[in-house]
C-alpha cells in the first residue's frame, strides 16, 4: 500500500531526497544465511554512479553504502557461511549525500520546469523539497540498486541478469550485431560496437547543444525456472511493468515482442515447442519468457522506454507557482541521456521482481 | 499481496474459471451512498459481451450480473439517494456461466497450445482446470468490467473514460482522422471510419483463414484533477502499467508519447505550460497526463499492445504433458482479434486505477 | 489493506449481510492439489449452524455451501489425488440466506440498540442495511468457517485444532477436570462435565429472562512446528490477536498465561527447557507456544473474551437516529450466549492464521 | 505483508538490532504540511529512554534521533507553517546505538534463555545476532516511539493519548483513586499515589532479588471522533490488538471491559445512550469506545498484559543449541519490570493506529 515500498515478500522501502542528508532503503523479508557485505553491494552502486563518463551527470557522489542492520558475522557465520550473512531481519542501507552544491534554488522553487514533476508535486503536496528535484530526483534509484544487490543473493547465481541500451534518440542498434561482451566496452551499455560509435557522436552533439535525448533499455534474465509468477493481478509481467514504469522518466514497458506483436498474426506470434535435451525447447520467444503471467523457463525479456532528460539549456515556456508566465532554462549537471544510467537500475528492478516472485512461488507451492 | 486482487483502497478480487459454474468479483472499500443497481453494471457488461459481431467469439453468454451484497434500498435511500445505493460494505457480484459446451477436452488436457498459458500453469500448479483455458481464460475480464462500473461511481461523472482500437494487425488508424463518435459506428471501437472499413476486410480474411491478429488499444481519461497518484512505487503510471499488463494477451503498455519518446529530444518532449482561463494550460501531452507519477490535470492517455489470439486453426508444433512432440490445431469459438473486446476491459481497468487513486489521494491529503 | 480481507499469502475475503441474498468468501493463495469438496466444508459449517440446541438462535439456516471456483475434478485428479482438488486459483464459496423473516424493521432502522454497531455504522456510513444487523451480524462468521475448512487442508492433518468454552457468565470450568472428549457431550463445547451441567441451568434462566451472558473461548493448536511466525509486526501472536478480536463480540485476547502473567515473577513465568526424546521439551507453556512472535513447537493456546449478546428483552435506554431519547427492547431469535457458537469460528480463525503462517514461513525460508 | 511494517496508509517500517550500529524507522504516507523537527520527536523518546530511574535498565543510551528525510524548511515553510514541515515523502529517522558493551556473548550465543526468543529464532533462521537479543530486543521500540511522535501530528491536538500502569505483579491500583496527574509524580506512570508507594517497595525487593515481575498497562485516547475504523477485518479494536500484542513481552490485550465482560449479563454490559449537550452521551463505556469495529466517540480504552522480564539472575533450566542441558542465569542491565517502559511504547502504538484509521477513514469517506 505504501507509496515508497516495492514487492510483497521481498519488500523494499526507499527514502531520501536529492539534497537531503542521505538516502537509503530497508529490505524486508530477505531469507537468512545469504552472504552480504558492503563490498558486494558497492559493486552494483559503482555501475550506476554519476561522473563515470562525459555522457552522464558530473555530480560527484561516491555513493558509498553503509549496511546498518540485518546482517551478522562471528566465528560461526565465518565458518558456516564464509563471512557476514543476512539474518532474516530488515536490512537497512544508507548512502550519504556529499556533493549537494549550495546554490541558489530560488529559480526552481517558483518556476515549474516542463517535463519535471515540479508542477504535479506542488498541486498534490503544496510543500516540497525542490532542491535538485527532491524526492523526484533519480538519486532515489541508488537505493534501488542497493536493494537489487540483495535481491541477486536471493535469486542466486543460477539466474543471470543483463541489461543493454538498444536505442538512443532515433538511433537503434542492429540486433543481428548483438554481443553482450560489447556492453562493457563502451559507456552506453551498447551491445553493438558500431551503434556505440554512432551514439558517441550523437550524444556529444546533444550534450554540447545543452539538449537531451531519450533511449530504450532492454533487460534479459536467463535461468529463471518455469513456474514463477501467478495469474491475473500477480502476473510476472504485470510486476515487471510496474517495476520498470516506476523508474524515473520511464514512459513505456514491453515484454517479449511487445508492441510489435500487435502487427503479428497468430502463426507468427506462436512460440512453438519441441522436446530438447533438458525438457521443453521453445522455437521463439515472442512471449518474453512469460505466459499467462507465469515464467516458461525462457529468458525473461523486457524493454523500457526512457524519455529525454527534462533538464535542458534551451528556453521553454512555463509558468510560476503564482501563475505568471515565464521562460525556463535549466543549467546544472544533468545526464544528457538518463537512459544510460537506467541500465543498472532496471537490472536491479528485474532482480527485485524475481526475488519476490521466487519467495511468493515457494510460499504457495512449497 | 493476493494474486487475484487489484487496488489498495478500492480493491477488487475476482474469481472463476471459463467453464466453472460462475465467475465474479468482490469490490471492497467502495464509499457508501453511491447509486448502484444491476442495470447500471449490466450496461458495461453488454459492451464486452461475446457474440455481438462476427469479429468476436460466438460463445453465447448473456453475462447477466447479480449483485449479492453491499447495496441497500428502502424508503429512505429512495428519498435520499434516489434508489439503491452502496453501503460501504463489500459488493459481491456474480455472473453465471451458461454456454459451457460439453465437449471433449482431452486434447487440450494433454497438449500444450503454443502461446497459451497451458504449459506455464502445468509447470507451476501440476493440476489445472483446462476446460476453455480455466482461470487463464479472458472470461475473467467480465468480472473486471463489473468492478469497473462501480469504479465509475466512485470517480463520478466529472471524469470521462473512453477507449479505442488504434491498430489491428499492421493497419494503424490515421490519428488526424480521430473522431470519438466513430467508435460507436463500427464493431471495432475504431475512431477512424476509413480504417474501420479496412479492418473489416482484414479481419474477415483473418477469420476465414482460421488465423488471428494483434491490436493496440488506447484509453483516455479526461477530467482527472491534478494531484492524483504518488511518487516512486505508487506512481499513477506504474499502477496503470500493471493494470493494463494484467489484461489477457497484453504485451506492452505506454503512457503519453511512450516508446516514441525514446527518439525525441528534450525540446520535442517538453510539455510547455502557459496560463489558460482555468489555470495552467499545457501545449502538448507527451507525458500522457502524468508527471513524476502524479496527474497533471491533462488527459491520462495509455496504450496497450495486445498479441494475436493464440487459438488458431493452423497447425503449430508443440509437446504434450508427457513430453511427446505433437501438432496442435485449435478449433472452437475464438475471437480472431481479442484486442477488440479488450477495449471495455481496459476502460474498466482505467476506472479502477483512478477510483483507487482518488481514495488514496484523499486518504493522505484530506 | 482491504477491510474485508484477512491474511497475506493465504488470504480470505468475505462478503454478505444478514438478510441479503447470500454471503460468502473468496480464498486466495491456496496451494494446488489439496482435496476439497463441499461435504468437507459442510462438516465445519454444521458445527456453527444455528438452531442446534435451545441455547443458540432458532433462526433456521441450513448454511449449505456451494464451491463456485478454484477446484477441479476429472479422471486424472481422481487417480492422482483421489477426487476433487484445489487448483491454486481463487476458491469462491457461497451460502444462500434462506430464513430472512419478512418482518418490520422500522424499529431498529431508527433506534440504536445499545451494545450493537448500529450507532457507529450510522456515524460512519450514513446508510446501512439494518435488517438483522446487516454486515455487522455474526452471520458473516459462516464465511470464516468455510475458509477455515480450506485452511485445515493447507496446514494438514499433523496439526490438530480444538476449541472449548471455559467460562460462561461468572461460571468458569475446573481446569483440572479438563477432558477434550467431553466437549462433544454437551451443547457448550465444555470440557468439564460438571460445569456443563451448571451452565445448562444458568443459561436456561438467562434465556427465560430474555437476558444474555458473556463467555470465554479457548483454542489449542497442537503439532505446530517451531519456527512459524515472524518478529515484530508479523508476530504469530499478533496475527492471532487481530484474528480473534475480529470475531463479533470479542473484547479481549490472551496468549498462554495471558493477563495472569502480569502477576507472575520471572521465575514463575519462565518456560524451562530440557531435552526430550524428540528434541527440546518445555516444562511449562506460559508463553502459549509463541516466543518472540515465533512458534516454539508447543501447543499454541489462545483465549478470547466474548461479551454478552447485546440483543436482550430488557428495556435499555437509547436514542434514535434523529436524536430522540427512547427505550429499546430487542425481540427476536438471538443466542443467549454468542460465545458458544464462537468456538467453531475461533477454531477457523486459528486455522487461517496458521495456514498463512505456514505459507509465509516457507516463502522466506524455503 | 512485510514483517517489519505496521499500518496501511500511515505505514511504519522499523529496522535495527540491539547491538548494531543504529536502529530506526521509515514512516510512509504521512500527510504534508505538518510541523516536525527532531526536538518534537526527542521529547517522546526521552520518556522511553533507559536509565531514568533505578527501576529500569541502566544501559546508557541517549537515544538521540536524526531525521534524515521527508521534512523541509525554507523561508516559505517558515512563514506558512512556522518552521520545518513534513513534505508527504517518507520520513526516515535514525537512532545510533552508543552503549553496546563489548562483552563476551558466548553464553547467550549457545544457551537458550527461557522465556526469550532465542530458541524460536534459532529454529526459524538458523543464524541470528544474539548480542543483547538482536532484533528481538525491546530496543526496537525506540523506533516505534519516534514513529508515534509523527502519528500525533497526524491525529492532531484534538486527540489526547494517555497511558498508565494499573498493575505491577499482584498489586493492582485502586481505580477509584485514579488521578492522571499522579502518573507524572512517580517513576511507574502510576495514577494511584498509594499504589505507587507500594510498587516502589515491591520493585526494590524484586530488583534486589535479581527477579522480575509482570504488569498491566492501560492506554486511553480521548477525543477520537465517532466513525473511525471499519467492520470485520479492519476493526479498530482488531488493529489495536495486533499493535499492542506486537510490543515485546505482551501476552494479552483487552478493550473496554475486556475479559470482565465474560461474566456480565447483557443488561450490565449495555452502554446505554442519552442525548447530551454535544450529541449522544453514553452512560458507561464497557465497549471501550469501539462498537462493531468503529469508534463511538467515547474514550478508546485498551489494556495490555506484559509478562515479567525473562532475564533473571535465578538459575533456570535450559538447553544449548547443540542439545545439551544447561543451567542459565542472566546477568546484565535489565528492567525488573518491562511494563513500565512499555507505557510510552503503547501510547505510540495507539497514536499510530489512530493516525492510520484517520487516513483510511477519510480515504473511503472523503
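Of note:
Per-chain numbering from 1; labels A, B, C and D assigned in written order.
As a working rule, a residue touches a chain if its C-beta (ideal position, glycine included) is under 8 Å from a C-beta of that chain, and two chains touch if they have at least 3 such contacts.
What you are looking at is a predicted structure, and each value in this text was computed from that prediction instead of being measured.
Ranked by how far their CA centres sit from the centre of chain A, the chains are topped by C. The chain pair with the larger count of C-beta pairs in contact, out of A-C and A-D, is A-D. Per-chain Cα centroids separate chain A from chain C by 45 Å. Separation between the centroids of chain A and chain B, computed from CA atoms only, is 27 Å.
With centres defined as mean CA coordinates, chain D is found 38 Å away from chain A. The set of chain C residues that touch two or more partner chains comprises 1-5, 8-9, 14, 29, 32, 88-89, 124-125, 135, 231, 365.
Within the complex formed with chain B, the chain D residues making contact are 1, 9, 29-32, 88-89, 231, 359-360, 362-366. Across the complex, chain B is touched by residues 1-5, 8-9, 11, 13-17, 20-24, 26, 28-29, 32-33, 66, 68-70, 72, 74, 76-77, 80-81, 85, 87-92, 94, 109, 124-129, 134-135 of chain C. Within the complex formed with chain C, the chain D residues making contact are 1-6, 8, 14, 112, 114-117, 119-121, 123-125, 135-136, 140, 167-170, 206, 211-216, 226-235, 237-242, 244-246, 250-275, 279-280, 283, 286-288, 290-297, 305-312, 314, 316-319, 323-325, 339, 361, 365.
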